[in-house]
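So that we are looking at the same thing, I have put the structure below in structure tokens.
Chain lettering (A, B and C) follows the sequence in which the chains are written, and residue indices restart at 1 in each chain.
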Amino acid sequence: MSDFTTDKKAGHGEHYVRPFESEEIAFEELQDAAPSARFKLSVSGWIGAIIVSFWVFIGVFGPFLAPYHENDLPFPDDYSEYQAPKEGAFLGTDVEDRDVMSRIMYGAGRTIGIAFAGTVLAYFLGVVLGIGAAVAGPWVDMIVSRINDAFISLPTIMLGLVVVTAVGSSIPVLIVTAGLIYMTIVYRLARAIGMEIMVMDYVEAAKVRGEGIWWIVTKEIWPNAAMPLISDFGLRLIYVILFISSLSFLGMGVQPPQADWGLMVRENLGAFQTYGASLLPVVAPALAIATLTVGINLIVDDISAHAGGKLTKAM
Amino acid sequence: MRKLNEPNFEGLSDRDRATVVEMVKKGANRREVMAWMMAAGATAAAAGSVFGGAKEAWANTPKKGGRMVISSDQHGPADTLDPAAMTASIDYIRSRMVYNGLVRMQKDLSYAPELAEEILPNADASEWTFKLKKGVEWHNGKSFNADDVVYTMNRHLGADSKSVVNSLYEGVESWQKVNDHEVKAILKTPNADLPAILGLFQSKIIPDGQTDFSAAPGTGPFKVAEFKPGVRCVVQRNENYHEENGPYLDEIESLGIGDSVARVSALLAGDIDIMANLPPKSIEQIEQDSGTEVWSTPSSAYITFACRQDMDMSGNRDLVRAMQLLMDRERLVKGVFKGQASVGNDHPIGPAYFDHCADIPQRPMDPDQAKFHFEKSGIGNTPIPVITAEVAPGCVEMGTYLQREASKIGMNIDLKKVTTDGYWSAVWLKEAICAVSWNMRPTANIMLTLAYESKANWNETYWKSEQFDKLLVEVRSVTDAAKRKQMYCDLQTLIHEDGGSITPVYRNYVDAVRTHVKGLTYVPLNAFGGAECPQYLWRDDA
Amino acid sequence: MLSLIVQRLLIGVVTVFAVSLIIFICTQWLPGDAAEIRLGQSATEANKAALRAELGLDKPLAVQYMNWATNFLQGDLGKSLAGDRSISESIGDRYQSTVTVSVLTAAIGIPLSLFLGIMAAMFPSTLYDRILTFVSVSLVAVPDFFTATLMVLIFVFAWDAVFGFQLANVVVIGNTQDMGVFELVGHYALPIATLCFVIASQVIRMTRAAVLNVMSSPYIEMAILKGVPRKRIILRHALLNAIGPIVNVIALNLAYLVSGVVVIEVYFAYNGLATFMVQGVQQRDFILVQSIGMLFCATYVILMLIADIASIVSNPRLRHPK
């Protein structure tokens, strides 16, 4: 019984794309991967699912449930900021005297939504290009991979900064930026997996049978590549949240007065230097990010445990 | 209650005073000083008061030695020691360490001679003669003379000048050397404010022919020992300085800490001695901490929303008035600025200006009136784009306040916060409504000429008023005090009533220091007390 | 092997130049130019034109890029557009901070993380493993400026309150060029500590995953069935075969430490190369941004090459690629 064990793909974090070698791990995992088998969540997987569902629920319904609008003042006549929790402001007030809880509820949808949309975009582009490169042959692969290498070697925050400076920060821009930046990493992963599958016996057999390329991709490659990619998805999501909050630190992420968890941590950091301030405005959104991450990880661990490594699980 | 005939510290002769201070400095205690005084024939009570006075005098006597670290809020590869290229407060303070100007600006916004001993305008202020101080040496040992001044000043003239204050010198025809210690400025149009322009940081004097500013010699109180743009700059005391009162510190290191949380931490921890731009929320923390103090320089720098009057929506008089009536000025002053500001009245001439007009009634916050004007404007729920950036404390909060209050009367403000870099070239003077932060200028006339005259380059509201332009030129030659005051009041009223500016506050420059930092200045033109402090700074623990 | 290295280096050089071109195109896309930013709020059109002419910004874009490339190939990195200092001098001012922090962080953080990760792999599913995994997962998620703030609170202010002195500086002040290693560690303690947390959480996870991954391969399965003790299997067999992915992670982390730590650099106000690049973007100084971008790219390419060589050497199967 193991919940945390086989998170190999978890290692493919932001900086961990294994450029020239990820074939090997992918290969070993895929040996055991049964494409369409169903799997059950473990206990910790369930805990993760509950945490994530909770935040997704808040994300969707938060603005309707929140006691105040994200930009409203619960105590308009009181000029002091960072107030401790009291009646009318369950988690206290923030740097501009707004209700922290309402802002977390408004921010949930934005934070999760941007990260989710950005990751989906990164996956869509990365998988299409990556498997495309694997299928299309050496020349296309060579050119696309070199361009991809050039982008991947630049710090993500740098690329984000340039794009946001050039076109201004808005939610669609952040989603597209995150999508494009993280596409480079997904591309690598997808290409490596695709390459590996291309030389598998069953694909060779399909080729011999005379199946078209589209059939091979959809019926053979994708079902086999899906599991490892999905287990990477959760972590990519977290990296996008962190990426957006780093941009917020530099004043380039989600723009005030809109609420976003990363931005909330950033804009309330001054609480540590404000006399008599409540620290909840910083700690609460940081905890929100942390719990979401842990929740996602718990689920990811279950998925990747399912995707391979049966022996370790048995041990 | 001190009796007139009782000897007190101030009443002693200079020589006795110096002796007593010297005794206290060397560690004499109360009893020893009293013994000395009584031996000289003073009563016990009188001798006691002398001791107290001497202690205080000694505490206020600058001590030589020590080192300070000064942090501004920004630095980077654009840091420069070339006065003509300076645009940031880190450059300004370095400019006051290394260079001198012909004049220096003072707390009351008058000017005092620095490298110019005498400043002699002709009758209509169209020709100015400057007699230069003799015996001043550059840091490299060469003597300072008129060639240096002419070379420096010529860099600001002409259409192809790369000086950032090129436009302010437009009225100057030429600079001429009369002899080694006298120069003359010939003006195209008379201007009594020329010395104020010479007091700018960009007008500091550099040596004749200087083109490389990596370690420039100046005549200032400190010599450059190390200059790495965006990393640090270290200066050391100029032992050969031409003035008596300073410099006192051995060495000053200056740098920029961009993040305000880090900057405040560094000051609280004692890593730095002086920091610029204290976030208002941290004021109380700095006051409560026994090791730090707030350094607030009252000023009439201001932040404003500039509404372009030449555009359809932002030029709608009722919209502008509605927005003016929505500004919760008290709340901004108390909430955002923690009292380190004063309530603004929708014109640029705040109370720190000599020509401030106190007679204009304060515009209140009045949502009902605002609603009336907004409905009259006929804009309805069309989004009104407003752009802001963190160009000064309060600019973003001002936007959020406006947006929140506006939504209550059905006004739909589309607030966009953008980044500060590129703000002045991409947003300011281009967008319909945007937040602007202005430093204070030495005179009301300079301020109004820069930003409100119809033809001004920086007429950010694109407001055109013939009456205003006429008055602005006329007032320059008015000498009658009452008439002048009335005219300036009229000018301010015109902007207050018809202008396109929403100016809710005039703000102080709020910095902070460790408590051992003494010799602070309070010139209202910039952060760091007008950046005039380096020469006077000293440590009371040195 | 040698031909592989040569081939990879050649591809690397091409990639580095591709980066310079990408950056050049991207910076042209930014609003405003170096002349406008430099002259600030008060510039007139004539001033700007004069400065543009001096900086060569009035020439067609292709000419600007070719001029830069020609000089670069002759070993002249050019002058910054933001201030008149030469690029090589400016980089010289700043590379030391970056090198100090990344080397010290790597020297302290990586061995520690490897140890913790291997321990976790040795005792999977134990309480130790679970706690470690939980902590490292949570740390991955917390924004680094939050971790940095906690470091300052703990090691400076709380420490001062309890022990009467501060354990570390908040910002890096003073001439660090002449300091010895121990003094440097003292000055850079907080950024190093923060970054250790950031990379540790990642290296621990990857080490553990890599070791466990090898554990599931048939030959280890065989060893387990033969009854070889787990500890022995890991230290003797699994670890050697897991070196490839682990070295790779370390290399990627080093690349991150050199180029990606802008938030930490800003927070602790030490002026490394990443901040310099950000400032270059803000000043629209494409020459500066290109130079540093190429430096980052070259670092990345070389680190990756070293990682690959290490994994090939450690894993004989990779010596003869399919």
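Here is the rule we go by: a residue touches a chain if its C-beta (ideal position, glycine included) is under 8 Å from a C-beta of that chain, and two chains touch if they have at least 3 such contacts.
Note that the structure is predicted; figures quoted are calculated from it, not measured.
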Touch-based graph of the chains, sorted into line, ring, star, complete or other: complete
Chain pair, A-B or A-C, that carries the greater number of C-beta contacts: A-C
Chain closest to the middle, measuring from C-alpha centroids that were averaged per chain: C
Averaged-CA centre spacing for the pair subunit C and subunit B, given as whole angstrom: 40
Subunit A and subunit B, separation of their C-alpha mean positions in angstrom: 47
Centroid distance [mean C-alpha coordinates] between subunit C and subunit A, Å: 21
For subunit A, residues contacting two or more additional chains: 165, 269, 272
Contacts with 2+ other chains: residues of subunit C: 30-31, 149, 266, 282
Sites on subunit B at which at least two other chains make contact: 261, 265, 268, 421-422
Subunit C to subunit A touching residues, read off their complex: 11, 14-15, 18-19, 22-23, 26-27, 29-31, 124-125, 129-130, 133-134, 137-138, 140-146, 149, 153, 202, 205-206, 209-210, 212-213, 215-217, 220-221, 224, 244-245, 248-249, 252-253, 255-256, 259-260, 262-263, 266, 274, 277-278, 281-282, 293, 296-297, 300-301, 304, 308, 311, 318
Subunit C contact footprint on subunit B (complex, rising order): 69, 71, 76-80, 85, 87, 159-167, 213-214, 226, 228-232, 234, 253, 255-259, 261-263, 265-266, 268-272, 421-422, 424-426, 428, 457-458
Partner subunit B, residues of subunit A touching it in the complex: 71-73, 79, 81-82, 95-97, 164-165, 168-169, 251-252, 255-257, 269-270, 272-276
Touching residues (chain side subunit A, partner subunit C) in the complex: 1-8, 10-11, 13-21, 24-25, 28-29, 146-147, 149-158, 161-163, 165-166, 238, 241-242, 245-246, 249-250, 262, 265-266, 269, 272, 282, 286, 289-290, 292-294, 297, 308-312, 315
Of all residues in subunit C, those that touch subunit B in their complex: 30-32, 36-44, 46-47, 49-51, 54, 80, 82-85, 90, 93-94, 149, 152, 156-157, 160, 166, 169-171, 173-175, 266-269, 271, 275-276, 279-280, 282-285, 288
